[in-house]
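The structure appears below as structure tokens.
Chain naming follows the written order as A, B, C and D, and within any one chain the residues start at number 1.
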């Protein structure tokens, strides 16, 4: 399959009074057309900032810089002018955010907000915006779309709002959909429906999806490939089977061990000890070293190696024997 | 850029605090620190210019007023009136407003309705009118000026505290206190007040500046503290008659008012930033 | 719809209660103003003349009686007769109100244009030199007494530059300085409030959604943010407007502007009870009406109102 | 134009001149803008209550007798008067050919109506006190009117010139009281155009006037309370004449280009009033020795030089030199703090005394500043003055309710005769008098019966000496009125009063 998105050495740094925050640190991955990539990690690991960096919507106030290459359909998004980038957002790449109750503007009707997306991208091919809207609303399984379109967001339930957010993201038929924890704020039953919906979108439209979550179960259910983020780094990136069957990075292993579904049944769940490091105080060594049960002395002060596997997959750990696979 | 901002913000707050400390020291001890008695007249020295002008002397650094009073001393001693009026008026209106706000917000129902209607009525009466009538009736004494400003200023506090209280009333820690039969007064004092005190202090700090400006407006209308008691507002207002022949009797008190009010505004904004990171002031 | 009418009716009753409360309070405190008879009579009048005059004005009746008469008249739309001008109070107010209204509107328009404009510019580029400049400017606006600003403006723009008339009410040029003077403080308040509200709004998720949708920045600011902020801004502006109407006294005195503020202070000083009472009652009615209007406008602007629990 | 009833030729000439107005007068041109700090309340001359009314009235209206622009008492709407020997009947011969602003003729009916209106208690005429002596008005024939007085009044004509404005009967009856106040009409040199309260009064030259057609076409009197703004208006040329400038600005105004100052005696005397009438039971101020000491304690000349910038003239007693024939031999109490202290000690206050002083703010020129100086100078001789500065109207309003042991006041001139001050400011029966001296009261009562001028002068000098000897007040000065005027204006204000007649003003292009 054709590669849609290729990210190389993406870095996002913030300057704060406490020092430089390395929110995203040397992230690389590739996404094929129609592929669903899951990004997992604890809160604060840089998942959302990474997604925002891809769309170049990181809050500007204290941004230091984004660097790296983000090739989308062969064009480096980092080299586009702000105007061109604005055109990419919402049309080629769309994003669904976490909290449906705040992500819709309370003072405009659903219809206003949906149709607007088309207005911002005059090059889109839908000649009848209203029809497109109703069609999408039906597709995201909103009951009586005509009626809902005229409603204000506060008159709708959380699940409905998230469906609308998804419909809004899909308005211009984007090639890439970034879903930033779209189910976190929802009830479990609704969560399942939304996941189903996202899967359907990929299946019917062939949309590539980056799905950000901290829920390993969701990843297992939905994704083709997985990136595990820790302290701004993609510590492990591989197919979903490999990640769950042969986790190579100690952090991935610990993550799986602490999860009721994937943790070993015979022993009790293992809570990960310690806290994620301050992103301003990343030393020379592995960021996970302090919490890593297998850490060697050198882990604390030596830069971790990027161990490349086939198909751009990789993991970052300096304890090669654990991987069981030869490093390249 | 960011770091620079922070450093300059730090410097700004240091300067602000310095100015305000000087202001408070003058307010408390100005009468002892001033080189002259500010009410002391010397008609032969009337309207002497500041020392850097031709004809000015270092005896009167900032020149003299129309009756020959020393302006620097006037400013130093006049700080007391500004300090007293602003602090007392804000404290009085704050206390009253907070009390009304707590009771109205916590009790709700008809108590709330009555309090809010009274607040509406208060807001509908022009401040100036109240000042004219009340100070007119009671005479332009310091205590009356404080009282009038306090009377017209409590509504802001009441409204803010009421809203906050209504929100906090539904919080679990208040509910549990209520369930455990804590007396209402104690709930208000121990559970609700500490949660609104920051907002109140911010409003009060900003209010102090506003009150100093109010006081000078009252001076303009002849409704504030009268000479011989020196006050910045009165000096500024009285000096305007002479503005075309001598700027100093009004300019320096004007600068004093400006700087102190500016500093209170800075301080208020600063407190808001550190206590309420959500806010973008 | 039923709820909406009930809401409106409730607000109307509240408004009426408010106006009535103001009338009582004002009636009571005008009692304390100096004796109108002494203020109105010249030095030559004898004590007997003064007593006769008092009787002629009906001031010999008890306060309660006078309030009943006053209130009954107000209900019939009669605010009484000015002692000083010997004309109906309502006619006087009608005569002088347009000047104040014109001034207050000009001042609030100035404050809105400069305040909202600068607030938006500051919020778009926070922490730039531009933002800092305006922070200083608006904090200065809040730190300078009105009358001082007015005299300085006259000194500079009228006397030094000879661009604008010093005072009086003759055409647009004469409106400029008083409007700036009166609107000075409000401009600062509105600018600061606009900036902080806009910054808060820009941080909201739905504005992030707009950015993600690829909305151009002018649409984000002027459509998505402003419509959301409008109720807040309206409340601030309406409060400022009322302050301006009531606070025009000083500006009107400085600029010899023939408005209601000067009439009010003269009447209060001169013991002209009926005018003081009349102006206050009219002012409070206007205040209450503006609040009501703002409520109604917000009702239409913010779909959430009326649906809150 | 100046005329007098003693000269029939002049009057004859006048009548001729009137019939051929184009020969004697060029058409009025130009606009004169005057800025004053305050304004009349009502424009009805019979309801006038402040001196801004008089400024308006004197340009709009005339009486049977008036003050001309040199402040001389001259017949106006009357040609002459005959006084009966008992002094109780005044028979006026009315001037012929006088027209109201609407062109209608002034008749004996109008005179009767006007005077009756002015003395009718229902009119609430604040100036009633001046003409209360009128018992009735009779029309003898079409151009003769007689007024019967209740009692003799030696200065009746002077009072009539101040309060006896003639208004059009038919017009008032047609438009009503309010209508008249809104659009007043008289016979004066200027006619009413428009008025906006707190803004301005606009007048226009009355080309039908029987003698004095003004030189300016338009007269605008603007109300500008701020001193600094009036000065600014003079500088920018927005005003041609600015009135009542604070004295300290005199040098500044003179330094401006194209502008000059005029300064003339106001007829208004300033003094510190002791309340020794009511409620002064055991006040130390009841002791004349104390009052004398206080008189010696004030350095009047220093105040006049440094604070008032010489815009005042020291007085010894209560009489204003510009209004009365003052006894030149009466010397002001000399400034002598040592003597003052000694006198206080002799009076039984060796350690000084405490006294409350109440002064207005904004009622009189620089009243706040001067009260402060007075308090300061009194303090220097051991009189601890507790100074209360009150906003003007509060101060006036409390005058009748509150006991002011000491206050800084002024008393203005209205009738160009010491009688005004005596009756309304010194007689113990007067509202504005806080002094009680039976001998003085008696002398004042007597003065009403003395019509011979020389005799009156000496009589008042005697009263003045009594006041001086009793140190009834701290006598300060007669103030001057400071006016700023642009060079292009030619105008001479009327002396002895702060009422401005603009009949003779002209403006160069």
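Basically, contacts are C-beta pairs under 8 Å (C-beta built on N, C-alpha and C of every residue); 3 or more make two chains touch, one makes a residue touch a chain.
No experiment lies behind these values; they were computed from the predicted model shown.
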item	value
Given subunit C and subunit D, the chains that contact each of them	B
Chain nearest the overall Cα centroid	C
Rounded Å distance between subunit A and subunit B, as computed from the means of their C-alpha atoms	52
Centre-to-centre distance between subunit D and subunit B (centres being mean Cα positions), rounded to whole Å	45
Distance from the mean Cα position of subunit C to that of subunit B, given in whole angstrom	22
Residue numbers of subunit C (touch at least two other chains)	33-34, 126-127, 151, 155, 203, 253, 269
For subunit A, residues that touch 2 or more chains besides their own	none
For subunit D, residues contacting two or more additional chains	226, 228, 391-394
Parts of subunit A lying in touch with subunit C, wherever the complex brings them together	55, 57, 59, 61, 86-91, 94-95, 97-99, 102-108, 116-117, 120-121, 152, 154-155, 165, 168-169
Interfacial residue positions of subunit D with respect to subunit B in the complex	226-228, 231, 246, 248-249, 251-252, 302-303, 305-307, 361-362, 368-369, 372-373, 375-376, 387-394
Subunit A-facing residues of subunit C, complex	126-127, 203-216, 219, 224, 227-228, 301-304, 307
Complex contacts: residues of subunit C adjacent to subunit D	33-36, 38-47, 49-50, 52-53, 56, 84-87, 92, 95-96, 99, 151, 154-155, 158-159, 162, 165-169, 252-256, 258-259, 262-263, 266, 269-271
Touch list for subunit D against partner subunit C, complex	41-42, 44, 47, 49-50, 121-122, 124, 126-130, 177-178, 181-182, 196-200, 222-226, 228-229, 232-233, 235-236, 238, 391-394, 396-401, 411-412, 414, 420, 423-425, 429-432
